[in-house]
Structure formats: C-alpha cells, structure tokens
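Take a look at these structures.
Two complexes follow with subunit A in common, the first pairing it with subunit B and the second with subunit C.
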Partner chain A sequence: MARLLRRPFFWIIAAAILAFALAPHGKDVELREGLLLAAVYIILASNLNIMLGYAGYVNFGSIVFFGLGGYFCIWFMGALHWGLVPAALAGGVAVSVAALFFGLGILRLRGIHFALATIGVNEAVQAFVTNFEPWGGSTGIYLSTELFQPLGGPAQALWTIYYVLVAIMGLSLYLSYFVKNSKFGMGLLAIGQNEDAAAVLGVPAPRYKALAYSASAFLPAIAGGLYFFKGAFIQPADAFDLQLSTEAIVITMLGGSGTIFGPALGAYVYEELRGWLLTSQTFANFQLVVAGVLLLLIVQFAPGGLMGLFYRRLPRLKRILE
Partner chain B sequence: MLDGVLVGAVYGLAAMGITLIWGVMDVVNLTHGAMIVAGMFGVFLLVGATGMPAYGALAPVLVAGFFAGIALYWIAIHRMIGQPPLMSLLATFSVNLVLIGLGTAVWGTVLFNVQVSLPGLSLGRYTFPGTHIMAAVLTAVIAGALYLFLYRTRAGKAVRAVAGNREAAELVGIPTTRILALSCGLGVALACVSGALIATLFPFTVLSGDAYQLKSFVVTVLGGMGNPTGALIAGIALGLLEGLATPFMPVSWTLVIEFVLFVVVLIAFPGGLLSVRLRRRAR
Partner chain C sequence: MSALLEVQGIGKRFGGLQAVDALSFSVSEGEILGMIGPNGAGKSTVFNLINGVFRPERGKVVFRGEDVTAAPPYRVARRGLARTHQIVQPFANMSVFENCIVGACFGRDNLPLSRAREAAREAASLVGLGERLDAPAVQLTIAGKKRLELARALAAQPTLLMLDEVLAGLNPTEVAGMIEILRAIRGRGVAILMIEHLMQAIMSLSDRIVVLNSGRKLTEGAPAAVARDPAVIEAYLGDPGLVQRNAR
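Up next, the complex of A and B:
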C-alpha cells in the first residue's frame, strides 16, 4: 500500500476523481450531466481497453455489458423490489458471470472470428431481449419514481448516482493499471503480440481471454444499472445502442489503445469535439461520420493514438505514468 | 418452405462478396452491410428517378459497386494489407460508420421499399412470388458469371493465385496490388447487387445492412472461408432454415438462432461444414 502511494498514477487518478466530483459544486446540473456522460465514456472505453488494447481483441459489442447490466438492475428493482445498491451489484455480478461462461465459449475463436462473434453477440442479445416478455419486450421497463425516495428524492438521487459513477470511473482506471502491471496483464499483452508464442511459453490463453472478457464486463454493467436507473426507464434500442459501442472504440483508439490514461484522454477529447459538433449546425447530424473519419485517420496514420504520440516524443513520460 | 431456397440463394450471393474479399485479401470487410444497403438505395433511387424497371437498375448498381470497392481498397485497406487483423477490421469498420452515418443523416431510419410486380408461379398448393423466382434466377446468372471469371479468364486465375499465395503470385509476375483492388471491387459489387435484389423482395431501412451482414457471416462460416460455391450452397441452406423456422416462431427470433449457429459452427467446424465433406472425399 505504501508503495502504491508513491506512484504518480495513483495521485493523478485521485485528482481526476476529485476534479469530477467537485467541479459541479453540488449545484451546476448542466455541467454535471456533461461530466456524467464523460464518466460513462471513460468507464466504457477503459474497460474495453483491457480487451482491445491489452489482449488485442476487438470487442464490437462491449455495449452488451452496459445494456444487460442496466436490464438486470432495473428488473431486480422493479420486479423483485431490491434496493439500488444490491440491484446494481447483482447486475454487475450476473453480467460478469454470463460473460465468463460466454467468454469460455466464444474466446476459443481467435482474431477475426472473435470480432465477428462480438458483433453477433450484440445483435443476438438485442433480438433476445426484444422478444423476452418478462423484460417488457420491445417496449422496455419503466420504474416508478417512488424508487428515488430512499435516496432522498429525485434531485438528490441524481447527485448520488453521479458521485457513484465518478467513483466507478476511478475504479475502472485503477483496474486498468493493476491489470496491466500484474502477471495476468503481462499474459494478455503477450497474447496481444503473438498468441501462439504466448501459449507456447505457458500463458493459458483461452482462460486469460475469458477472464479479461469477464473482468471488463463488471464495472460497465454496474454503470449501466446506475445510468438506466437515473432515467427510470430502459428499452432495447437504448440499452444496446451500437453507437455507444463504436464511440468506445473510437475513444480508445484516439487516446491510445493499451495505455492506461489513453481512454480517459480520448474520452475527454472526444467529448469536447462532440460538444462542439453538436452545437454547430452543419455537423449535428453527422456525428457518426465524424467518428468514422476520425477512426480511419487514426488507424491509418497513428495507430498508437494520442498517448502513443506523446510517449514517442517523451519516453520518460511513459516510465512515470505506466 | 421451398420459397426459402429462393431467398437463400440471394443470401448466398451476398456472402460470396464477403468470402471473396476474405479469401483473397485476408481482410474481413465490415463495410459489407453498408454496401448491401447502398445497393438497395441505388435501385430505389434509380427506379424513382428514371422509372426504369428495378431489374434494369441492377447493371448500373453492379458497375457502381465495383468502382466503390476499388475506392474502398485504396482509401481503407491498402495500407492494412499484411498488418494484424485488428487494424483492417477497424479500418473497414470506420468506413462503415461513415456510410451509415451519411445514410441516416440523409434518409433517417424509416422503411423504404421498391415496387415490383411480377406474376407468381403456382405449383399445386404453393404459389411462389415472381420476385423471389426472378431474384434466384439472377443470382444463378451472376454466380455463374463469377465462376466463369474465376476459372476461365486470366484475371480470374490471377485472383485465385493471389488468394493461394500472395508472395508466390508476386514472384511469377502477377501485379498483386491491382489484383487485390480488383477482388475488393468484385466483392463490393456482389454486395451491392445482392442488396439490390433484396430490395425487390423485402422493405428496408438504412440500418438493415447489419442483419444481412450477420447473415452473410453465418453463410460464410457455414460454407467455408474463401469458397464462393460453398457460400451459395450454405446461403440456400440458411434460407431453407429460415423458411422452416418461421411457422414455429416469431421472425425476430431467427437472428438469435442464426447467431447461435454461427458460434457453434465456428467452434465445431472451423473450416466450414462443407470442408468436412471435402476432407472425407479426399481420404
């Protein structure tokens, strides 16, 4: 623990959490909503990064975790009358376990096939939920606003949710760090570089991949639960919005895949860009187009992303931050 | 049920586009769905603007698709050849985003359809819609043309040589880059023309491409990667399956079943179901 406190990353993440928590002063609702979205982006991107950046596996359907987490949480609360905290946690655990079993299955697939399977996961889960009557089918589930009462009424509840989401964002960043600096993370990085060689050297590749898949599901699922509780409503089209999935990929690549702070930096830059695009009349409808062009440029010309560029200029920075 | 065979032939055609690019270039073309939709809208716009019959619009769509494919190769794929699959996936994925983004900005996500009236064909108790028969016939024609091209022309032989071993092909003087661009053009042209045919069968939206792209992947893994004939057979099998399943369950479930099939086949028969048969024969 004492060694941990001497690492710069610890304080940088702590400072980021504090900045997020204190910036709205407990009353600036507009700023809070913007930061909340940024926090969700960071949560999604930095967990995606565990698969995409470390193990080199594209997960086109990472939004499934978020959406399913939301569904579990809302359903636990609405139908079984659980409180928010147990419901969100149980949602996270349920999705994580599902991802683990599922991962053991589909992660036997490698490279391209895995990526294709993840596209299918999103389509199939969405089709399943749309037809699943206990979860409201295509109309979704509404929550009664009375459920906000235990948290001190709707206005206070929204603040609480925001603070919890910021905490989850911090946890995501710490998770990124610990995974990267553990034996497990080393194994993932080795898989990312050459899966055959890694397997020969004794990395249990299928098990590690399934664990990474499962670990990267937990926090987004909890975040999904909180996010949809905030709106007191969930329906398939919102829960499995492919746009959020793709944005998470763009953000991760923009910031620098495989780095710890890349996803956070990418989320910040993307959020700024998006805010600017939404206000400009011409570009409001072309958000996906801009995201696509951005991704194409990164992939073609700067596969390391922003952090990759920084680290190449200042190799010392990498030693300090990672 | 036999109707499923007719529709399935079109799925097979769509999958041929993906399997050709996959087999030759080792790149999975994630713009496939968007290109299918582009074909749909190509027919829709041509019919709307000129009043020409829908089937007359297939030829311009095919040619436009070919050039779109070559453009796609130079814009997104050329720099990704020989890189890890992650990069080419992301590159084609980003082009897909751009196309879908443009499509939704221009047309929104409402339903469109192309009106075609063809007399149906009655066989005993069953009646086959004329559009389905026409689509299957045209599919057979296009598939036949592709077969002739790949097996009877110099350029087609070059394409197969590059698919087999790119470096060896380069050594014997085949201009591999041009062949890669050519096959990308062909693959996208197939996607567009199958989209155009689908547009005469079912209503569609800008976002329909995802479902057909998934079907194409399922067909591709069933038929084996880089195997156009296998793709056609597997496409018909998938259409048959859909035809068999629809009386028993809502249509929206078919996607779930197809996906499960996809994963199971990938795990159990990585070379495609047809490869099992071929291996037996080789023994």
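Up next, the complex of A and C:
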C-alpha cells in the first residue's frame, strides 16, 4: 500500500476524482450535469479500453453492459424493493456473469467477425428486453420518485449519485492501471499484438479474453444502474443506444487506446468538442459526422491517439504514467 | 535415456495434400534432434502438430509422459515445450523486455510478474539482447527478431525447445554466434528439436537427425550416416544417377 502511494498514477487519478467532486461546489447543477456525462464517458471508454486497447478486440456493443446493468438495477429496486446500493451492485455482478457466458461463445471469433457479433449481442438483448413484459417491454420501467427519499429527497439524491459515479470513474481508471500492470494484463497485451504467438507462449487466450470481457462489463453495469436510477426511468431505446457505444470507441481511440489515461483525456476532449459542435450553427446536426471523420483521421494518422503523440515526444513520461 | 517427447504415427491432411503421414520419432532428455528435408516436406507442420496449433488426424503426441495430442498450444507450453517460428512473430509494439516477460510469465514455471522479470532479463542477455531490453521489438533487425524468438522461448524455462529455422537469413558471423548460443542452451540440459536448412550447422549440432520427405520419415540416424544415405541425397537432389556416379 505504501508503495502505491509513491506511484504518480495514484495521485493523478485521485486528483481527477477530487477535481470532479469539488468543481460544482455542491450547488452548480449545470456544471454537475456536464461533468456527470463526462464521468459516464470515461467509465465507458476506460472499461472498453481493456478489450479494445489491451486485448485488441473491438467491442462495438459495449453499451449493452451499461443498459443491462441499468435494467437489472431498476428492476431490483422497482419490483423487488431493494435499496440502490445492493441493486446496482447485484446488477454489476449479473451483467459480469452474463458477459463471461457470452464471452466464452463470441470470443471464438476474431477481428471483424467479433466486432459484428458484439453489435449482434447488443441488438439481441435489446430485442429481448423490448419483448420482455416483466421489464415493461418497449415502454420500459418507471420508478416512483419516492425511492429518492432514502437518499434525502430528489435534489440531494442527484448529488449523491453524481459523487458515486465520480468514484466509479476513479475505480475504472485504477482498474485500468492494475490490469495493465499485472500478469493478466501482460497476457492481454500479448493477445492484442499477436494472439497465435501468445498462445504458443502459454497465454491461455480463451480464458483471458472471456475474463477481460467480463471484467470490462462490471463497472459500466453499475454505472448504468445509477444513471438510469437518476432519471427514474429506463426504456430499451435509451439503454441500448449504439451511438453511445460508438462514441466510446471514438473517445478511446482519440485519447489513445491501450494507454491508461487516454480514455479519460479522450472523453474530456470529445466532450468539449461535442459541446462546441452542438452549439455551433453549422455543425449542430452533424455532430456524429464529425466524430466519424475524427475516427478516420486518428486511425489513419495517429493510431496511438493523443497519449501516443505525447509518449512519442516524451518516452520518459510513458514510463512514469503507464 | 527416457523419451521426453514421443511422436507416434501422427498424420495430417490439408485438402488433397497429405502433409504428414504416419510419422513417428522421439526426443530424449538433453538431446539435440535435427529435422531436415526438402522444402514442403512437412517439417513446420510437424511442429504445429506437436505443440497443438494443428490437431493430428491420426496418432498421438506424448510429452513428459502426458498425452498432449488434443491439448491447445497454451497448455503444451505450460508443460514445458517452447518453440520459435520460422516466420518471426514478435509482439511488435512491445519492448524486447516485455516480449520476454510474456514468455517467462506463462511458461513452465508459471512465474509471477516480479520473478518473470528476472527470467526475462536473463534469457535476453543469454541470446545477446541484454543491451536492447527497452527497444520496441519492431525496431530489431531480422537477426535481432530471431534472437528475440529464441529469448522469449528460453524465458519460459522449457524442457524441450523446438527451433524452426533460427539460422535462416543470418549472415555467417551471426550464424556462428547463434550456434554458440544453442550450445550454451543445450549445456543447461534443455533438449532441442530443430529444423534447419543450413547443413553444416545442423550436422555439427545434432546428436541424431530425422529426414522427412513428402510428410514421411525417410530415414533417421547419426548425422554422418544420414548424410551418406543415398535416399537422402536423392530426396534433396532428385537425381539417382548422381548417387551412382559418386559411388563409382
């Protein structure tokens, strides 16, 4: 533990958490909502990065974890009358287990076939939920606002949810760090570089990939629970929105896939850019077009993303941060 | 000597091509067994059948007393069988050091990360890459990448090392250096099964040699005896007349 405190990454992440927590001063609701969205982006991108950046598997449907986590949490609370904390945690566990199960199946596929299968998983789950009456079918589930009472009423509850999401953002970044600097992460990076060679060297590729897929589902699922609880409402179209999946990929690539801080930096830059695009006269309706073009440019000219560019200039920085 | 690896009548067909047919041989502990044969004889396929990249359609592969015929490559590697590839397969964007750490982490001893670092450093310096630990693998020359293949395999602390043309593409000085390295590895008690086209090298290194032709074993024996075998000369040169003329 003492050794941890001496590592720069620990303090950088801690500083990011503090900045997020303190910036709205407990009263600036508008800033809070902007930062909340940024935190959700960071959670999604950072966990996606474990598959995309480390293991080299493009997960187009990562939003399914978020949405399914939301559904479990809302359902546990609304129908089974659980508290928010157990409901969100149980949602995280349930989605992780489901991901392990799906992962063992679809991770036999590689490259473009895997990417397509992940979209398939998202679409299949959405189709299932849309027709699943206990979860409200296509109309979704509404929660009574009375459920906010245990958290000190709606206004206070929104702040609490915000702080917890910021904490989950921090946990996501720590998870990224610990996975990357572990034997497990070493195996994932090897798989990402050359899966066949990794297997020949003894990396148990099928198990590692499924574990990575499952691990990358846990925190987004919990975040999904909190996010949809905040709105007291969940429906399939919001929960399984592929646009958010795609944005998570753009963010990860923009910041630098495979790096620890890339997804966070990418989320910040993307949020700024998005805000500017949405308010500009010319681009208001083209926001996703710009995101697409941006992705093309990154893949073509800076595959390492922003962090990749920094690290190339300052290799020493990489040794300190990663 | 007890057999470390026993290959019993394995066969593999690719479409209409019988790549390997009823092949049997064994490698003893601490032995260097050379495998030679003309291009397309099925040598690399034999390696792939042994370490589980391909599954043999017939026959059995027994390694350290365990039947590994149907085992996936990572399980065979865990048991202590490491190999290099004819076409180098480095983790291009990882450093030399990280490449070796992967070998050490997931090899026979299943080392934790901290101890894997020591093993990786040692393996890298054994093959002469000790000075280049931080270099990205992609920046190495072909000779460097071949050494890296070897270092990665060695870091796994194998009991049997399968080398697929580690000398190909190296200049004479590099070949001499590599031969020294292989002798040193053998000196540590590691058995070696090697495919090589460089006759002088394999003849001087091997204890025994297996000759493959069209997926079948042509002959097997001491290097000198194999080199004189008319069937071997015919397989390589394709001219029985030459044998007779030489004999006269």
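Some notes on this structure:
Everything that follows uses one rule, which is that the second predicted complex is superposed on the first by the 322 of 322 C-alpha atoms of A that agree within 3 Å, B and C clash if a C-alpha of one lies under 4 Å from a C-alpha of the other, contacts with A are read in each partner's own complex, and residues count from 1 in each chain.
Heads up, the rule we're going with is that a residue touches a chain if its C-beta (ideal position, glycine included) is under 8 Å from a C-beta of that chain, and two chains touch if they have at least 3 such contacts.
Here the structure is a predicted model, which is why all the values come from computation and not from measurement.
By the touch criterion defined above, A:Leu68 lies against neither subunit B nor subunit C after alignment on the C-alpha atoms of chain A. Partner contacting the larger number of subunit A residues, of subunit B and subunit C: B. Of the two partner chains placed around the shared chain by superposition, subunit B is the only one that A:Glu123 touches, whereas subunit C remains out of contact.
Once the two complexes are laid over each other on the shared chain, residue contacts for A:Ala98 go to neither subunit B nor subunit C. In the superposition on chain A, contact is made by A:Pro204 with subunit C only, not with subunit B. Applying the stated contact rule after C-alpha superposition, one finds that A:Val289 touches subunit B and leaves subunit C untouched.
By the touch criterion stated above, A:Leu226 is placed in contact with neither subunit B nor subunit C. Contacts of A:Leu44 after superposition on the shared chain: neither subunit B nor subunit C is touched.
Subunit A contributes residues 52, 56-58, 60, 105-106, 108-109, 111-113, 115-117, 119-121, 123-124, 127-128, 130-131, 242, 246, 249, 253, 285-296, 299-300, 303 to its touches with subunit B in the complex. On subunit A, the positions that touch subunit C within their shared complex are 181-183, 186-187, 189-190, 193-194, 196-206. Taken together, the subunit C residues at the contact with subunit A in this complex read 51, 53, 72-75, 77-78, 82-83, 85, 89-94, 98, 101-103, 105-107, 112-113, 116, 152-153, 156.
The touching residues of subunit B, counted against subunit A in their complex, run 28, 75-76, 79-80, 84-87, 89-91, 93-102, 104-105, 210-211, 213-214, 217, 221, 250, 252-253, 255-256, 259-260, 262-263, 266-267, 270.
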